[in-house]
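My structure is below; once you've seen it, I'll send some questions.
Labels for the chains are A, B and C, by order of writing; each one numbers its residues from 1.
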């Protein structure tokens, strides 16, 4: 006699899902996201803002105490908190399901500390996911004590103290100035700031900023804060050495190479827009940035993007784009013309910035055969250098298969080997299996039945 | 420049094509492997990489048993490159009725010389503490294992090259003709042409009863020691057996890295590679039903792949009479990694005209299967 | 690590075999850096690794917090009584 076991009983999912319905959901609480949220809420829409960090502010306005922020940041924080928008932080968006027909866009988020999965159903989405630093591999870059330039800024703002550390800052771009100033003010000894760009290029860029004297004044103030530290152009770090943490770096200016002892190295070569979530929901991306129209609308209906994710351009541009996106997501028929003019001017500066501080060709050859290029899986350059694509590298060597999902190695190898990034699938960040299971309610029970006799 | 005519052309450099190329080259044939894209990046790269005996039918049992013994006999080089680990399999029974099936399975395996041990509830829990309490028991098959398929296939291609084979990637065969193939405006002739094009094999051989059967997988971060064996629910056989609609079945596998690979799902949706969030969610739910602690593990990646499915769950190994010179090595469903070596050995025997180690009749491509199974 | 307790509100955390009072509102990563922790985790080949990006992207700052492995310490603030373990993730508790 055969009896069939009906194994279709579903387990009670231990963690429930908390559903939220809203008009506009904004992902990313930096300047662009804050501006979009405030604007959309002021237009009378229900708005939910989601941010991965411990507080809003993104990178540039990261803070523990409000008093540490400048006036503009505090104005926007006030404007955000005065608005009726709901702000949630400490959760990572792991999936976005585009709308089907007239249905909502669904955003799935996981709280770092555990708890229910947050599922937000929204009519419109604003992606303000910002940008991350581009790290380029060099021998010894995985040693503890080698951190990002923005990374140093972030760590200090979240409470780290690098007092009494001997610091080498080696990278590119204006971000090195405030970071050097912050570290000096906090008691670190900045022994060298190495800018890989050519002195002539940076000088031309600085001259172009004469139209924006307040920017030059700010830069000068920063430089004063660490005036005793050498600031060298055409210079970069070729190697970090040390046993369990960094103890020295080799610094090159082309032909000359010298050793500088240090116990903290801040390094980063530009910013890379965080286009993973936009790509997951289907947005068109060009040259590594989300493509948007004059309303900051992406190629996906109902989805807008603003800030660094549409192209690295700084705080002022992010705020303008955020306002336009927020208004558009709230239903504005056309963008505010003053904002449009301001955006055009600021984009010009952004383009000039990118040209000036583009990483130089020598930085492609710093990694040696045995240099780890995928930090999550400890894959060395030799394992991937002769392969043709990021996908091939991933499957043959596991490079890009780890926790950072190719964010660090992918951006590095895009510069070093010219590879395009691979496909994006959920989860957009590592997520608990329960999050993936709870996100979508099953409508049909799946039966697995087993006859008990015969084969 | 004219090159010498190959004795055999293998179409497809997945693990089955790679194994066949190595085997035929080992027989002294001059082998040319033509791969449309990049070696081992198709179904081979998407699977779980299990080496497992499976008894959906006696013929499946015979082939998987033969194949796992060939894996055990492989060189150190191949086993190291494949990251082969003999972690064994535990089939899980939820209740007494399934325990009867477990005991019958043990009996069947014993008759075929496959070692297995019946586990009661306590023994099951001892071996796999994260399985939920209240399960009836299971069957431990220690002779099963796990490999990392892409590097296994690449190692087989290297072996083929050492034996004189040539491998051309980025070369898409447009048509298989009597004793030859056409690609990029060229025709190359060979006495033997092997269609090892996996889930796409029917595109080159019209009438071949192979269709794509989509599966989802998800892999976690490193949680070393979470599970020690490959663990499968008995219902997996049913899920694999019934070639209709959509099903999920619990199947987890510990990787050598300490990551946990979670499956499985089956759907017939053509070639859509996108993640179906509902199927993924049901698959994970089902897995958590058996191992509740899975729920709090961190998932890093999800992906899909296409199993080459045939109506009777057996692969096609042997001549394709409609086209002179054409041989088939395709249709392995979820057992391509396991049976790659058995397939290659049988194919080599058939091509050179030697008696096969096991009866190859059940896998004959022209055994009268209908094209589209429903 | 300096001998004087931090000014302002503090919380007590347990980091590996140490118990320490750290300023409230700082990130777990900042707290571990303050305590002189060099190796937040061990890489696949056993290298010591510490935070790199500071903003949740690189996943190098992962530690086990209150029994759950692979938590990005730069994104999580310290809390009273928090248990932090560095190094390789231990087997998940049943």
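Everything below uses one rule, namely that contacts are C-beta pairs under 8 Å (C-beta built on N, C-alpha and C of every residue); 3 or more make two chains touch, one makes a residue touch a chain.
Please read these numbers as outputs of a predicted model, since none were measured by experiment.
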item	value
Far-end chain from chain B, centres as C-alpha averages	C
Higher-contact pair (C-beta pairs counted), A-B versus B-C	A-B
Centre-of-Cα separation between chain C and chain A, whole angstrom	22
Whole-Å gap between the CA centroids of chain A and chain B	39
Chain B and chain C, separation of their C-alpha mean positions in angstrom	43
Contacts with two or more other chains, residues of chain A listed in rising order	402-403, 430
Touching two or more other chains - residues of chain C	44, 68, 70
For chain B, residues that touch 2 or more chains besides their own	221, 296-298
Chain C residues touching chain B - in the complex, by the definition given at the top	44, 68-70, 88-89, 91-92, 94
Sites on chain A touched by chain C in the complex	52-54, 59, 64, 90, 92, 112-114, 132-133, 135, 142-148, 150-155, 158-161, 244-245, 274, 372, 375-378, 402-404, 407-408, 430
Chain B residues within the chain A interface of the complex	38, 40-41, 45, 55-58, 94-95, 97-98, 100-101, 104, 108, 150-151, 154, 218, 220-221, 233-239, 246-249, 262, 275, 277-278, 280-282, 284-289, 292, 294-303
Of all residues in chain C, those that touch chain A in their complex	23, 25-27, 29-31, 33-34, 38-40, 43-45, 47-60, 62, 68, 70-72, 74-77
Complex contact set, residues of chain A against chain B	3, 5, 7, 10-11, 13-15, 95, 97, 388-389, 391-392, 395-396, 401-403, 405, 425-427, 430-440, 442-443, 446-453, 455
